[in-house]
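Think of it as A, B, C and D in the order they're written, each chain with its own count starting at 1.
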Amino acid sequence: MLGGMITSTTALRVRYAETDMMGFTYHGNYFTWFEVGRVNMMDELGLPYRDLEKRGYRLPVLEAHANFLRPTFFDDRLELLVTVRERPGARLRIDYELRRGSELCMTGHTTHAFVNHAGEPVRPPADVLEKMRNFFEKA
Amino acid sequence: MLGGMITSTTALRVRYAETDMMGFTYHGNYFTWFEVGRVNMMDELGLPYRDLEKRGYRLPVLEAHANFLRPTFFDDRLELLVTVRERPGARLRIDYELRRGSELCMTGHTTHAFVNHAGEPVRPPADVLEKMRNFFEKA
Amino acid sequence: MLGGMITSTTALRVRYAETDMMGFTYHGNYFTWFEVGRVNMMDELGLPYRDLEKRGYRLPVLEAHANFLRPTFFDDRLELLVTVRERPGARLRIDYELRRGSELCMTGHTTHAFVNHAGEPVRPPADVLEKMRNFFEKA
Amino acid sequence: MLGGMITSTTALRVRYAETDMMGFTYHGNYFTWFEVGRVNMMDELGLPYRDLEKRGYRLPVLEAHANFLRPTFFDDRLELLVTVRERPGARLRIDYELRRGSELCMTGHTTHAFVNHAGEPVRPPADVLEKMRNFFEKA
């Protein structure tokens, strides 16, 4: 049986700048929070995203999706759960769940590919793949 | 046979503030462009979104999705095609296509519901439904 | 002799979304960091900004100023020093210094007034004035 | 007698994403509008900013200032007047006035320096200086 996954949790606090006149967090800003959670996950894996960029790699977003279940408000303390459920290959899919205490406020995912500075798709760096794949059981 | 749809086109120009260190438009900012296109479409329908809010309605985003096909760059002149393909009911689904000349740069969609000031789901205003449904053929 | 001041320090980390194609933090985003520092200072004073708004007060920005001395970069860990040097009255002036380790990256200030929900200037709440003025020596 | 100045006017419309829960435009977003006005002014001078960057120049913001006189609201149609009042040299100072009809909503300024890709100060390109200085009378 195959199994395993990578998980990481990031604490967030809603900024006034992130709200809109509806009194909620503007929906587009959740994608920035996804980024904050991803960067944190990469840190915890020992693969800081800043270093990946210095080595010439980039991880642009190919696809982004969000389901907004409950609004979030200025100064809310939130918890973003970031999960990699599928063994990373040429593409990397990341799932997100945002909670305020026990309330699930939103879910979403992003898909990424490794590219070089010219924006051309490249093989993921071997050490990145290995570190990530260690979380998934061997067949 | 049923048919018909609502379409609207909005010209956009990429702001420096909207780029990131990758040199492209930051992916989260495309959702703001969707909003600009939606607001424009509502204007063209004779249903300015500002007026809807004054009448006590809001149209929060329940779901947002984007596929990033090609990066866009500072100062790019873009065209955002906004389409309502499904006859609006309790929910309103809007589709987006972003082009730079003949190049398709991204596609996406958002789903909305009408709510009142307290955030509770309400029936869409009759005049809004009627104006929108006029674009769709009767069964 | 008069003296005293209120100070508060907030840790910040540069988000990818906050950078621009120059590779630096986009200058407009520093004003959001000022807000994060202000909110934090109010918390430390036992006067959460969220509560002030619930009591019907708002503290809009009347004036904002920034001097950019050194660029900051994605993932930089920064420290924002927020200071109230002048005894608060009808207006509240707040000063900011942003450091990366020992490097001073920027300085700035904002000026605020208390207004009610209608946007009309009002006297600052007595408890807020008192808590803030406790930091300043009596004449 | 010396005189003359460069002026340019840019139409703006407030986006929903630019508002905050106070119901106004978030103050930090005005600096993005300054940028939109500057880029437009450079276009009108026949010196598109995009081209300057391609030639290796950048014009980072050294100082930014804003006085907020009246709030602006979602969907407001605004006019931003951008002015260069001082003959440009190593530094370029730009002034801004934002109006809604006859109402002056805000004023501000930014100061810029020309730098190269490494961020080092450089002499402004000769053609830029000349085109800009043509607007100022000779002594």
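One rule holds in what follows: a residue touches a chain if its C-beta (ideal position, glycine included) is under 8 Å from a C-beta of that chain, and two chains touch if they have at least 3 such contacts.
Values in this document were obtained by computation on a predicted structure and should not be read as measured data.
Q: Pick the pair with more C-beta contacts: B-C or A-B?
A: Higher contact count goes to A-B.
Q: What's the farthest chain from chain D if centres are computed as the mean of the Cα atoms?
A: Relative to chain D, the chain whose C-alpha centre sits farthest away is A.
Q: Using mean CA coordinates as chain centres, what's the gap between chain A and chain B in Å?
A: Here chain A and chain B have centroids separated by 25 Å.
Q: Quick one: chain B and chain D, Cα centre-to-centre, how many Å?
A: 30
Q: Need the CA-centroid distance for the pair chain B / chain C, whole Å please.
A: Measuring from centre to centre gives 35 Å for this pair.
Q: Residue numbers in chain D touching 2 or more other chains?
A: Within chain D, the residues that touch at least two other chains are 16-17, 21-22, 24, 28, 32, 35, 74.
Q: Using the touch definition up top, name the residues of chain A that touch chain B in the complex.
A: My answer: residues 21-22, 24, 27-29, 31-32, 35, 53, 58, 60-68, 71, 119.
Q: Quick check on the complex: what are the chain A residues that touch chain D?
A: 16-17, 19-24, 26, 28, 73-74
Q: Which residues of chain B touch chain D once you look at their complex with the stated criterion?
A: 15-17, 32, 35-36, 39, 48-50, 53, 74-75
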